[in-house]
Amino acid sequence: MTEKRIREVLGKVAAGRMTAPAAIRILRELPFEDLGFAKIDSHRSLRRGVPEVIFGEGKSAEQLSTIGQRVLASHTNLIITRLGADKARAVRRKLRGLKYHPDARIGTIVKERVKSSGHGVVMVLCAGTSDIPVAEEAALCAELFGNRVARVYDVGVAGIHRLTANLEAIRRASVLIVVAGMEGALPSVVAGLVDKPVIAVPTSVGYGASMGGLAALLGMLNSCAGGITVVNIDNGFGAALAATLINRVGIERDGR
Amino acid sequence: MTEKRIREVLGKVAAGRMTAPAAIRILRELPFEDLGFAKIDSHRSLRRGVPEVIFGEGKSAEQLSTIGQRVLASHTNLIITRLGADKARAVRRKLRGLKYHPDARIGTIVKERVKSSGHGVVMVLCAGTSDIPVAEEAALCAELFGNRVARVYDVGVAGIHRLTANLEAIRRASVLIVVAGMEGALPSVVAGLVDKPVIAVPTSVGYGASMGGLAALLGMLNSCAGGITVVNIDNGFGAALAATLINRVGIERDGR
Amino acid sequence: MTEKRIREVLGKVAAGRMTAPAAIRILRELPFEDLGFAKIDSHRSLRRGVPEVIFGEGKSAEQLSTIGQRVLASHTNLIITRLGADKARAVRRKLRGLKYHPDARIGTIVKERVKSSGHGVVMVLCAGTSDIPVAEEAALCAELFGNRVARVYDVGVAGIHRLTANLEAIRRASVLIVVAGMEGALPSVVAGLVDKPVIAVPTSVGYGASMGGLAALLGMLNSCAGGITVVNIDNGFGAALAATLINRVGIERDGR
Amino acid sequence: MTEKRIREVLGKVAAGRMTAPAAIRILRELPFEDLGFAKIDSHRSLRRGVPEVIFGEGKSAEQLSTIGQRVLASHTNLIITRLGADKARAVRRKLRGLKYHPDARIGTIVKERVKSSGHGVVMVLCAGTSDIPVAEEAALCAELFGNRVARVYDVGVAGIHRLTANLEAIRRASVLIVVAGMEGALPSVVAGLVDKPVIAVPTSVGYGASMGGLAALLGMLNSCAGGITVVNIDNGFGAALAATLINRVGIERDGR
Amino acid sequence: MTEKRIREVLGKVAAGRMTAPAAIRILRELPFEDLGFAKIDSHRSLRRGVPEVIFGEGKSAEQLSTIGQRVLASHTNLIITRLGADKARAVRRKLRGLKYHPDARIGTIVKERVKSSGHGVVMVLCAGTSDIPVAEEAALCAELFGNRVARVYDVGVAGIHRLTANLEAIRRASVLIVVAGMEGALPSVVAGLVDKPVIAVPTSVGYGASMGGLAALLGMLNSCAGGITVVNIDNGFGAALAATLINRVGIERDGR
Amino acid sequence: MTEKRIREVLGKVAAGRMTAPAAIRILRELPFEDLGFAKIDSHRSLRRGVPEVIFGEGKSAEQLSTIGQRVLASHTNLIITRLGADKARAVRRKLRGLKYHPDARIGTIVKERVKSSGHGVVMVLCAGTSDIPVAEEAALCAELFGNRVARVYDVGVAGIHRLTANLEAIRRASVLIVVAGMEGALPSVVAGLVDKPVIAVPTSVGYGASMGGLAALLGMLNSCAGGITVVNIDNGFGAALAATLINRVGIERDGR
Amino acid sequence: MTEKRIREVLGKVAAGRMTAPAAIRILRELPFEDLGFAKIDSHRSLRRGVPEVIFGEGKSAEQLSTIGQRVLASHTNLIITRLGADKARAVRRKLRGLKYHPDARIGTIVKERVKSSGHGVVMVLCAGTSDIPVAEEAALCAELFGNRVARVYDVGVAGIHRLTANLEAIRRASVLIVVAGMEGALPSVVAGLVDKPVIAVPTSVGYGASMGGLAALLGMLNSCAGGITVVNIDNGFGAALAATLINRVGIERDGR
Amino acid sequence: MTEKRIREVLGKVAAGRMTAPAAIRILRELPFEDLGFAKIDSHRSLRRGVPEVIFGEGKSAEQLSTIGQRVLASHTNLIITRLGADKARAVRRKLRGLKYHPDARIGTIVKERVKSSGHGVVMVLCAGTSDIPVAEEAALCAELFGNRVARVYDVGVAGIHRLTANLEAIRRASVLIVVAGMEGALPSVVAGLVDKPVIAVPTSVGYGASMGGLAALLGMLNSCAGGITVVNIDNGFGAALAATLINRVGIERDGR
């Protein structure tokens, strides 16, 4: 409990067993540990080897370069999502070594090799070719967050046999990220085949009454198949982060 | 059971008591027996000791009694959600032994004691007093699905000290179900305090521009705090099922 | 009848009993007598033995009685949809012989036995117990419109085996009416099993983000399974009428 | 093919060359090979001479070329919908022989001549000049699916006389596809003139409160004219597929 | 009256009975007396013999009685719209002489006989029996505002012949108020038959995707038939007021 | 023309040159020739000297040229609305003499001088500079439909004095078209100043929660100022047509 | 700055000038002071004499009684909003001394007299009689929060003279809360008359396209009149709290 | 000025140099000169040294130049918001001296130095880098309206420490403008830290279910943190104007 920790620190200071600067260092973190998601989030990143993730959309190449340099200066890996090919080129001029992944629209600078952890494999499935950018954002992020990742893409009209072909693997996965646009029915189908958590990612793929992914989102939220939870439309990154946390449930962090 | 039936058919073929064409005709239909999420779901229930869950809203007391008797006949536990107090009384006349949980609006007949499993505790938090029915639906379901469950309710304007007071427990939980109406900000706050999966449950609590829970749902889907996934408005049951699957990630099922 | 009136007028002109200008004045208005869909629709009813269908919601018992008496006076069968049990009792006091079908919320007076026609069976499926009123409205209407009708209800969580059990029958049907609420995925599943037209009927069954059936409606409209067309939420009657027309495609009407 | 594989397995079991448990392991997975709508759909295509249909929007020219080559390799006709003129040119470089239909925004390679089948003519009507791309997508697809097709376009402000001029033909059609934007009233008008199934296709033509076709969609769903069913906004392909199935109701497939 | 007050003040200033600063203080406020639409509206009412109109919904019987007494004290006619039968009874206890019109849900006390004015007849049409309350609100208000009014109701499925039967009258009308729910197509049909202004009134009659009248409203706004303008859902009163102003275009007011 | 054709048929029957059955066959189809609003609409145009109006958006330059030539061949004036400057240039190459009005985004060829008719002046007001294109579409159309038109533009933040300056003129107008975006309050203000019909035209001017003109549309529909009717967002043409019909109420057409 | 404060406290402890328990008391608040709105909010209440405010809707009489007793035990005033008359009676049985304000639907127990503070008067205006409950909630809350409050109600169709009559007072007010339903235009009008902050409160008063207050909300958000800010539909309490904070801008709190 | 004009007229009447009827004619129109919010708004601007603010979006460079010259001719400062860089260059050619602020997308010509007034500092906070344009529009406008302004930007994932670092300053501010997109939770967090009015500005930053800022807007409107009021999406200017009025509450204007 927080109070107990404060009492201990104060007790040590009062007893001369801890210097004020050392106590400050501990206490300075207290507010933040309790305060914001952001701060803790960034701390968590540092402690866990998860690279900083920057949302590239709506930021200029200059802004991304500046933020990127700040991230790299803190000796963590860099990952920029929603990064168009043109902007990636512009950012690369400033951030030497940036690797661009066109399918995932992600730019990365991996300074420290990512170690795999977690119970098992995070499997990413998607319904159609047009859903691949979102699926790949999820898959690449999940890898960079330290998961073993498997991909089963294009499990739609022409590719359902790939679902069957990978059925054993699908059932062995720890967590499933299922990406689909249009009516968004794939997560229901997959949830019916496995006893594992399914994170559904609606995409903006579709037209007319798909309303930019809203139909898929609503379909997934109303799914009568159990065990499905949903993230925002096109939010591959968010699905990857949730899958990472799920894949580590019951595993103690080092040094804690 | 499917496997048994396949075995029988194959046995007959091997024994020359059934021709291949006759076997084909039978086996060609088998896929459908195992096709739907629903069927598998109910199988999963049987194998795992998770009681049948019946959605009580929009079903008459007679319908619920009939379905309930069928469930009980299969020697599994019975759980009816969204069950109003009046309807519960009517159902109880037919289903002797039905226990009614008014806070959760759930009726249960537990024939076989539920054994706890999973990595750790599923913690259910809610923002306000009005969110309790949804939170309690989640908590009670999670218990009946075999999880140890902890509750931290009414963590809103007047109760944030309860959040702090339980901070250690919150951090020790395996999965968090966070229930909130209005602008639905509580999951973001909780996700900032822990490194565990957070399942956000928007409720229809609110008025005006809350639009029956839509504002809370949208807020949770757009949360910039990582690791949050979302279920349907007021869907405590769905959150409990997802939490159960998450709490068991990496744990092998018996007999598999 | 229009044709008869035209014939009379022409007869009078030919016989010199009516001047051309007088005939013009009469005939100029004739177009409108046959103008609207409604009128033609009611003519079609008379010619085809399809009973008048009255939408009971929002009409008082008195209004329904008056309309019903007018219908019966024209010696056609009477069918009132969306008729609550209480209102049915009140209507019955005026319309002796009204038969009430509580599952379908329909009241009927069948004066002339309905003859079956059409290529084959109209099959009505529904996902859950709560969808039955809409499914039964579709099934009963389809019967009263002269179709052979088969029902496969409650093909949801607990009943998918009924889908399998009836697979041969489903495949032999001429047209399928598939009724579902929540995420409305059942029509997609059924459309994948058959090569027959599927009429999807979203229902208002669900809660939260189902938004009164809108999620099911959107899911069905965005279905990637081919051959599905959709009617309004809860519109069992409309599905029955469309199925009737489809079931008669290629069959000539008598007397034409 | 599934049936062949089942036969092989059974043959081996009968011949004592495979044990029952080994056969079970293989057969247990078979369901999934025939599971999804997609797979069956593609099988159906092969058996019925309906060409593969690829949705071109959101796919790159390279992706389309690759998919196209796979389709052609299976000796079926190729049809790519929602294909812009520029992308068509790029695809043609890889897929020699691709014929581009600019009005329908469709690209085709017809390797095997399409034989006409079905009860009668599928008639496609549209309200205005701006609706033609959607109408033409429906008409061309219906032709490629093996229907005789008739077109009555621009039946709006300046062209209602074409509706009258074709009234006999309209009444003789088996199925009607009626395409309209703005308030989407044309299907109601047409449904009032005929006793045939009417498939209504709302288009995104309009402005302001038409909300990208939503007003037309809602108008069609709420039509009080009977026998109308609706597909997604701008979904000419879906209407064509539904019309094909309707046009074949009561006609037995060869070899079944 | 404003002008009279200005004259008095100026008279006093000219007569030296009021100083300029005192006059300024009075006159500075005058703008506001004539500022708002509301005030002018009520003045207009007095000058033109149009009775005060009170919106009864959401007001208690006591509030209505008090407001009504104030209106009657000013020697004008009283009209209360959206007045339920029960509330009408309660109001009548305080406002002796209140006449209740159940079809229109309107209560009136007509102290001064309403004189007819305007170019011609205001004709009110409605599509179905359920639309009558809105149509009758429009018709009764239009009468009380001094118009000759004609009614053509229930011009839907069973009653289109009444439209034809009244075609001459419809064409002779000065203004048409067309009331319809569901897809709201009637105004388009009527606008095609006449060269007169058509005021379309969507009603909340319908279900499912009619979304409380929104589909009808959108259909009317997107109508491709010219000359249609639209008022709020169920707003019979507003249509009557607009029709009154239209019916008087080009007619000079007395005393102006 | 319909009447002429009826006369011919009747003449032949009277003269014994046509049998009654043959005449019936012809006359039975007549309704449809006069059926649609569109047809009548175009007839009305011819009779009243209102030029054909073509909606230019979503039509190619070629389509517009072809339609335009057809219109000109019928010796009526031509008006193309929603015509961008670039497309206008392209159309002009085919349709010599096309005059482009950039403010109104309208192209016209006036072959026959438009004669003014109607009770008085149609006045067009708009709130801001950005609303001018819609206002000018209304004003120019109203002129081409034979009305005297007055304009009071930019009656917003910097220009309310123009409203005052033109108050006498505003009050003398017969009909008012009031164009406004954002919250759309101007029609309410204007309706408070006059006793004339006010046609409110919401525009898509605004941002954020204006939702493409929806906020203005809703504001106008819910206006508590009486006598306001509304057309579609940005629909200047529709407002002009309605204003024309209103301005002619009570005026007999020639030759009727 | 936080760190500075921590350093000071630690310095004092290290120097023996402060005991550990005293330091704990200070530091214990630090997390919370930075953490949640809720905690600080409740502290603010205590320090400033603002009574606890409990949202009564969706809470049972028992829950309200329990919470109320807890509040009263902390010797602060009690205010329960959204409290229906029936529930108020039930609560009063447990909470003796509860005073019920039916117009505002508020129950209060004022133990400590509220002292007025703030620059000037908070003026509450509303458009119609039906808006009074929301306006009165705002006014009563503002009084209980320590403001002098003035009311100008029913400033709609029949009451604009009350606006004029109170113009001087309106201009002298410090803050204006303007409550309106339907199109929500009143805040724009008021903002044009004063140079003071205007808090706009949309109400759910209206029908049809008012969509439960959404039209009023959108109108207020899109208002082109400057200085308007908006709260949730029907949120009188929120407006009162914001007005209180605004009325105290520049006034130092005691003991700070 | 209105008052001066009234005085002149009255002086003339008193002096016998003007007749009462002539004066009436002049005075009758006066109301309108002071009628609209706009006019008063512009007067207020002149009296208070607040520069004219022109909304640049949807206006051409020529229109902006013309309006700008008119503003400058009245010797007030000029501020054009929503001004793109390209358009700014075009405007500058006509309006020499225009200074362009790219971050705020604002162009200004400050002829008269702005004097600071108000109780204290207006502080502008924003959540992310992408929100800066809106935040900077608010900040720059607030400065130009005569406030001392402080900025705390990018208080999101990577920058929450800046919030803490500036906590003392934040608490000392008079008014807070809090700008955020996505789920819009920052205003709730800030409102929990201060006892000052918080103006929440939702931005269109986000994707998918953020629906162009609607999710943020709804979140802010439903915030359970007190004292928050909301302006339109991306409306930095409106927030600045409201903050200016709030910052001056209780301060008398000169010469009043």
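Just so it is clear, A, B, C, D, E, F, G and H label the chains in written order, and each chain counts residues from 1 on its own.
FYI, a contact is a pair of C-beta atoms (placed from the backbone, for glycine too) under 8 Å apart; a residue touches a chain by one contact, two chains touch by 3 or more.
If you're wondering where the values come from, they're calculated on a predicted model, not measured in any experiment.
> Kindly list the shared contact partners of subunit A and subunit E, in label order.
C, D, G, H
> Which chains, if any, touch subunit D and subunit E both?
In this structure, the chains that contact subunit E and also subunit D are C, F.
> Suppose you list every residue number at the subunit B-subunit G interface; are over half of them used by both chains (same) or under half (different)?
Interface between subunit B and subunit G is built from largely different residues.
> Over half of the residue-numbered contact pairs in common: that is the test. Which of B-C, B-G or D-E passes it against F-G?
The pair repeating the interface of F-G is D-E.
> Farthest chain from subunit F, comparing Cα centres?
Result for the farthest chain: B.
> Averaged over CA atoms, how far is the centre of subunit C from the centre of subunit D? Could you give it in whole Å?
26
> Distance between subunit B and subunit D based on Cα centroids, please, to the nearest Å.
39
> What whole-number Å value describes the gap between the mean CA coordinates of subunit B and subunit F?
Whole-Å distance between the two chain centres: 59.
> Residues of subunit B that contact two or more other chains, please.
Residues 32-33, 35-36, 38, 41, 156-157, 164, 188-189, 208-210, 214, 217, 221-222, 224, 232-233 of subunit B touch two or more partner chains.
> By the touch definition up top, name every chain pair that qualifies.
A-B, A-C, A-D, A-G, A-H, B-C, B-D, B-G, B-H, C-D, C-E, C-F, D-E, D-F, E-F, E-G, E-H, F-G, F-H, G-H
> Report the residues of subunit A in contact with subunit G in the complex, numbered from low to high.
So the residues of subunit A touching subunit G come out as 2-3, 6-7, 10-11, 13-14, 16, 20, 23-24, 27-28, 30-32, 34-35.
> Once bound in the complex, which stretches of subunit H touch subunit F?
Against subunit F, the touching part of subunit H is residues 29, 32-33, 35-36, 38-39, 41-42, 52, 57-59, 63, 67, 70, 82, 202, 204, 212-214, 217, 232-235.
> For subunit C, which residues count as touching subunit D in their complex?
These residues of subunit C touch subunit D: 36-38, 40-41, 44, 48, 119-120, 174-175, 188-189, 191-193, 195-197, 199, 217, 221-222, 224-233, 238-239, 241-242, 244-251, 253.
> In their complex, what parts of subunit H are in touch with subunit B?
127, 156-157, 182-185, 188, 206, 208-211, 214-216, 218-224
> How about subunit G: which of its residues touch subunit E in the complex?
Spelled out, the residues of subunit G in touch with subunit E are 128-130, 156-161, 163-164, 167, 189, 205, 207-210.
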